[in-house]
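Shared between the two complexes below is subunit A, which pairs with subunit B and subunit C, respectively.
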Partner chain A sequence: MLPFLSKRLLVALLVCVTVSALSFGLMFLSGDPAIAIAGSGGRAEDAEAIRVAYGFDRPLIVQYLDWIGSALTGDLGQSIYFNVPVTEIIGNRVGVTLTLGFVSFIVALAIAVPLGVAAALRPNGWIDRIALVIAVSGQAIPSFWLGLMTIVVFGVWYGMVPISGAESWQGYILPVIVLSYYAIPELMRITRSGMIDVLATDYVRAARAKGLPMHLVITRHALRNAILPLVSLAAVQLGQLLSGSIVIESVFALNGLGRLAWESLLRSDLPVVQAIILILSLLYVVLTTLADVLNATLDPRLRGAS
Partner chain B sequence: MTDMMLDIKNLQVSIPTDRGTLNAVRGVDLSISAGKTLCLVGESGCGKSLTATAIIGLLPRYAKVTTERFAMAGQDLTARTEARLAKMRGRDVAMIFQDPTSTLNPTLTIGRQLTEGVMRAERLSRKEADARAIEMLDRVGIANPAARLVQYPHGFSGGQRQRIMIASALMGRPKLLIADEPTTALDVTIQAQILALLDELQSDLGLSLLLITHDLGVVASIADEVAVMYAGRIAERAPVKDLFRAPQHPYTRGLLAAIPVPGQTPRGSELPAIPGRVPGLVGPLKGCAFRDRCSFAGEICGQDPVPGHAPAPGRFVECHKAAEVAA
Partner chain C sequence: MTTFPSKVATGIAALATGATLTLATPALADKASNTLNVAFAAEPEPLDTYKIAGRQGLILARHIYDGLLYKNLDTGEIVPALAESWEFTGPLTMEFTLRQGVKFHNGADFTADDVVETLNTVITPEYGTRYSISVDWIESVEKLDDYKVRINMSKPFAGAVEMLADALPIYPHEFFAQNGSTGMAATPIGTGPYKLVSQEPGIRYELERFDDHYAGSPKSGATLDAITVRTIPEMNTQYAELMSGSLDWIWRIPPDQAERLEGRVQIISAPIMRIGYIGFAPEAMGGDTPIATKEVRQALIHATNRGAIVDAFAGGASEVLNTACNPAQFGCAQDVTSYEYDPEKAKAMLAEAGYADGFEMEMVFAAMPRPTAEAVAADLAKVGVTLELNEQQYAAGVGKWRAKELPAFFSNWGSYGIGDAAFILSNFFGGGADDLVQDAELTEWLTVADTSSDREERAENYAMAVKKIADEAYWMPMYNFNVNYGLANDLDFTPHPDEFARWWATSWK
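Take a look at the complex of A and B:
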């Protein structure tokens, strides 16, 4: 396990360096950041002053090392728009996004995995058909439309839940439903196909030949092997749920990171955008690394154990 | 009846396919006495595996299985229910399969896979179960068995894995062992070792063994009785010596054409190819299924039913021309 782990962590570190360099480079994507800050109508002297004040006049590598050094100590710079530390702004918003993402993820898994297993046990059975309908509709209906429809039906018509904001936990109900609905199809499909493959293997037949009851064959022999591909997909999905909810956050007026990123882009508040991109990218790295480690604990072949 | 470990009459297995119902096993009678070895031979696709899998109750749900009589290890299973068969699996009857590289779960340790069945069925403690696993691994010739329990399958060679599968099958101390081509996937030299091991275990433990094989040399050296299967039916059944000395079905004759007496047939003698093809088994079949390939065939061979004869005690042959063939 140890050689595997250290190799995997080294890869993760390299990805982190690359990702951080890319997010640093974003600052220069829109041309000269000093001009961007001064505004396109600004005077050349102002731009020059800003260039010196922000350190844009130094060599790129120095700027990068400086930026990464402060990032490591928890300083992600100042918001140009609010003129307060970026970490403070993000800190105020991150809770909503994390709650929404994790809860949606858990809900999606809790529905997708049992449904995928049940569908695999009887392909073309009625559960399988229902699962197929859910999967197809989940991929065909745009999320903003579904979001608006749930607001209209449950919020406006029936008044069962708040229609916007996250002041109480009820505010999360509709966004979680909508978000998890989009995560379910893929998770379910990979569970189902993995399970069908594994159920057809010789070792499952051999396990049954030992007299093990079906529920043990499924949980102990089949599921453990069938979820290997699911783990990797789930990591990516969780990353998407945590980072890609701009639409949902806007529809439900939740003040999360997605919305913050969008607003900051409109305001050309580059340090905030940069920080959000960095944080989300690192999150992906952490998640995929965790997925690989989890897979290695599930499958001894991956960690080269004997 | 009491010393019969397996007694089946008129086993039928049919499988729905796109082209219609495949009547893959079309009325098989089989019996094995306690402590005896029955070899089941026949061309690829004749229904050997389906027969074996039906006996242990592991056919897919869509396969339709019927029997007129089905008794195993002293229990009448004619009204076979999955629950009763599941109780017998691993304890009264166990099975080993063709490809040992795929029959062990790659994510579980050897020890876990060996012990999980008996810990449940016999309520053994971890320690008792481990002790038995060590005993069985030792018995099948795995060196240093205690250390092996914590290892995973991918560290073992094909031959070792098949030994482990045999140990696993023996964990519940079954009375009947079904082995479906247990050496086909192995190197030739390893094949001989595994078969010798099966033969030895069978006599030491007094097992009844149902061995499916393509290898007539193996049949000659370890079978007590042989059943020759053709197109989903038993064409001929006889004690091994009688079968090799005086085959009575034209199909058996074709198989044995080049092959002499038990003991002299070298291992690794695959079934020789007989010209012609097996008729399709989708839908009903009229007359003898072998007649298109048979040099004895005549007008009568197209008629139903094909008569069964008992030319000598313990022998059976199903052929319109049995008298002519024997002459």
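Take a look at the complex of A and C:
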């Protein structure tokens, strides 16, 4: 298990460095940050002053090394736009994203896994067909449209929930519904196909033949084996839910990390963008590593394979 | 084996009923609570006026802070605010008599020390005031007595009085000296008609009427008890909130959507200072482009059906412009050469200039709607000019422009919302980095106009410059922008061309 872990960690570190270097370079390709910060009324003199003040006049590689040097000591710099430490801004906003992401993830799992199992038990039965409709529409309907529709119906027509904002817990209801809806299809389909394969195996047939109650056959024998690909997928999905909710956060005016990243990009707030990219790539790396470890624990065969 | 679905179904049903039972109805707007609920799409910047570029933050700041003077846009007059009176005591000195009995939100008295401390701090390069143009004309500020100050100017600047009119707010000196820009932004304290009671920076702001706001203020008479400002990035969400009554004030609604909202909420359209333009750069590529030829530039304007573009994409209060400034601005003379839409004439002029077969040219557009740029390209294609159209972020476009790598740049300029041609002409034709015309005559006239304190002389010199820019076709002026506001049906709000919302003058019908 130890060589497996250390190899994973090394790869993880390399991924983080590569991602941060690439994103650093890409930021400068999208235009001169000094002019962007000076704004649409900024004269050349203003941009020059900003260029010097924030050190954009130094070679790119020097700026990068400088940044990564501070980042390693935990100093992610000052936000240019908000003029406060980046860690403070991220600290203010990460809660919304974590809440939204984790709750949506749990809701998605709680619906997708049972639905997938039920669909697998009777392929082409009515549950399976409903599941198929959910899966197809979940993959076909754009999230901003669904978000707005839920706003119109539940917020404007019925006035059951706040339309936007996260001032109360009710504000999370619609975003969680919409966000989890997009995580459900893949989770459900992988549960379903995994279960169908496993249910056809000899050991499941043997378990049923010896008279074990069906729910025990499913939970103890079938699901445990069908769950391996689900764990890997779920890790990626959790990563997406935690990082990829820019659209949902915008539609529902939730002030999370996704939206902060997007807006910071638009206003060339480089330190914030860099920090978020670093955090999110770390998150992905941690989650996939965690999934690998979890799978290795669940299935001893995988430990040797690495 | 059918236990799973039934459990799921029960679960969902339980969730649904639970939700309907426990959810509180969202707070209702707002005439009853006398609170104005506002949404912006972009996050306001930290509330130190001197560091703000975006209009959202500036609007909030103008409710919290006051300047020495104030411009009444209805009469065009500069009126007293924190200063009771002022005069030029020399070509480069102004003296102000300050108002007595003015209180800051923290209870401190307003005196000359506040003016001296604030202005002397923000003019230092280390402070990093966002727009150098706003303060670089101040050399120093002296206290003459507790209610008298003198501003020494570093250079003649005709826009000085305009700048002092609410663009340079006065902070309480003790607090500002101790806490600096960051502290001001975290705890804004001004003399304005509203005080900030809480903020989540960039997300949510709560303002409350300041009942000790000084008598005789140009911002007096506020009737709204409170103002709540939120950031809602998605316009569609803003419409939903507005229609459901949880918002009362939104702005910058695109024309097509404003049309659809009309009738359900109150929509008003108002012209603003910002104008769209295509800048031509005779200096680009070392002057080696067709655009360096005057007749070519004139032909391009003749070839573009600007009237149709304005009707189709700008709408509202927008009109085709002939000048490189907004007609609403001082100095923006309108008796200039105009170029009517005439593609045949354009073709003939191009042929005469040696481009009978047309030519190819790059044009970058930034912060302009794509359809407008495509319409220009389509019109020019009809006279044989192929535009290589590139949409870029504003920063990238301006960077390329200043590097003289761009023959044509299609964008817009807001003049800081100030009704004086100085704030647009001088940037583009005054000889600086954005001036890719480098016309010595223009630079000279503009320098005189920008620095003279004689209104007649200024107007005369701006007029000469505006006429020459039109004669030479250095710019293809497009149209003045307008802003669509979406308001609660019972809200009484008057928009202004400087894009500063005045909520202190807003009330319920």
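Operating definition for what follows: the second predicted complex is superposed on the first by the 251 of 306 C-alpha atoms of A that agree within 3 Å, B and C clash if a C-alpha of one lies under 4 Å from a C-alpha of the other, contacts with A are read in each partner's own complex, and residues count from 1 in each chain.
To be clear about the criterion, a residue touches a chain if its C-beta (ideal position, glycine included) is under 8 Å from a C-beta of that chain, and two chains touch if they have at least 3 such contacts.
All of these numbers come straight from a predicted model, not from anything done at the bench.
A.B. asks: For A:Asp128, select first, second, both or neither according to whether it touches subunit B, subunit C, the two together, or no partner.
C.D. replies: neither
A.B. asks: Of subunit B and subunit C, which one touches more of subunit A's residues?
C.D. replies: It is C that touches the greater number of subunit A residues.
A.B. asks: Does the superposition put A:His215 against subunit B (first), subunit C (second), both, or neither?
C.D. replies: second
A.B. asks: Should A:Ala36 be classified as contacting the first partner (subunit B), the second (subunit C), both, or neither?
C.D. replies: second
A.B. asks: Now for A:Arg301: first (subunit B), second (subunit C), both, or neither, which partner does it touch?
C.D. replies: In the superposition, A:Arg301 touches subunit B alone.
A.B. asks: Once the shared chain is lined up, is A:Asp202 touching subunit B (first), subunit C (second), both, or neither of them?
C.D. replies: First partner only.
A.B. asks: Return the residues of subunit A at which the contacts from subunit B and from subunit C coincide.
C.D. replies: In subunit A, nothing is touched by subunit B and also by subunit C.
A.B. asks: Quick one: which bits of subunit C touch subunit A in the complex? Just the residue numbers, please.
C.D. replies: It comes out as residues 1-5, 7-8, 11, 19-20, 23-26, 42-43, 45-46, 51, 53-54, 125, 128, 130-133, 181-182, 185, 200-204, 230-234, 236-237, 240-241, 243-244, 246, 367, 392-399, 402, 411-416, 427, 432-434.
A.B. asks: Which residues of subunit A touch subunit C once you look at their complex with the stated criterion?
C.D. replies: Contacts found on subunit A: 30-36, 38-46, 49, 53, 81-84, 92, 110-111, 114-115, 117-118, 121, 127, 144, 148, 151-152, 155-156, 159-165, 167-168, 170, 173, 214-215, 218, 250-253, 255, 259, 263, 268.
A.B. asks: Can you check the complex and tell me which residues of subunit A touch subunit B?
C.D. replies: Residues of subunit A touching subunit B: 201-203, 205-213, 216, 220-221, 224-225, 298-301, 305-306.
A.B. asks: Tell me, which parts of subunit B touch subunit A in their complex?
C.D. replies: 56, 58, 86-91, 94-95, 97, 99, 102-108, 113, 116-117, 120-121, 151-152, 154-155, 165, 168-169, 171-172
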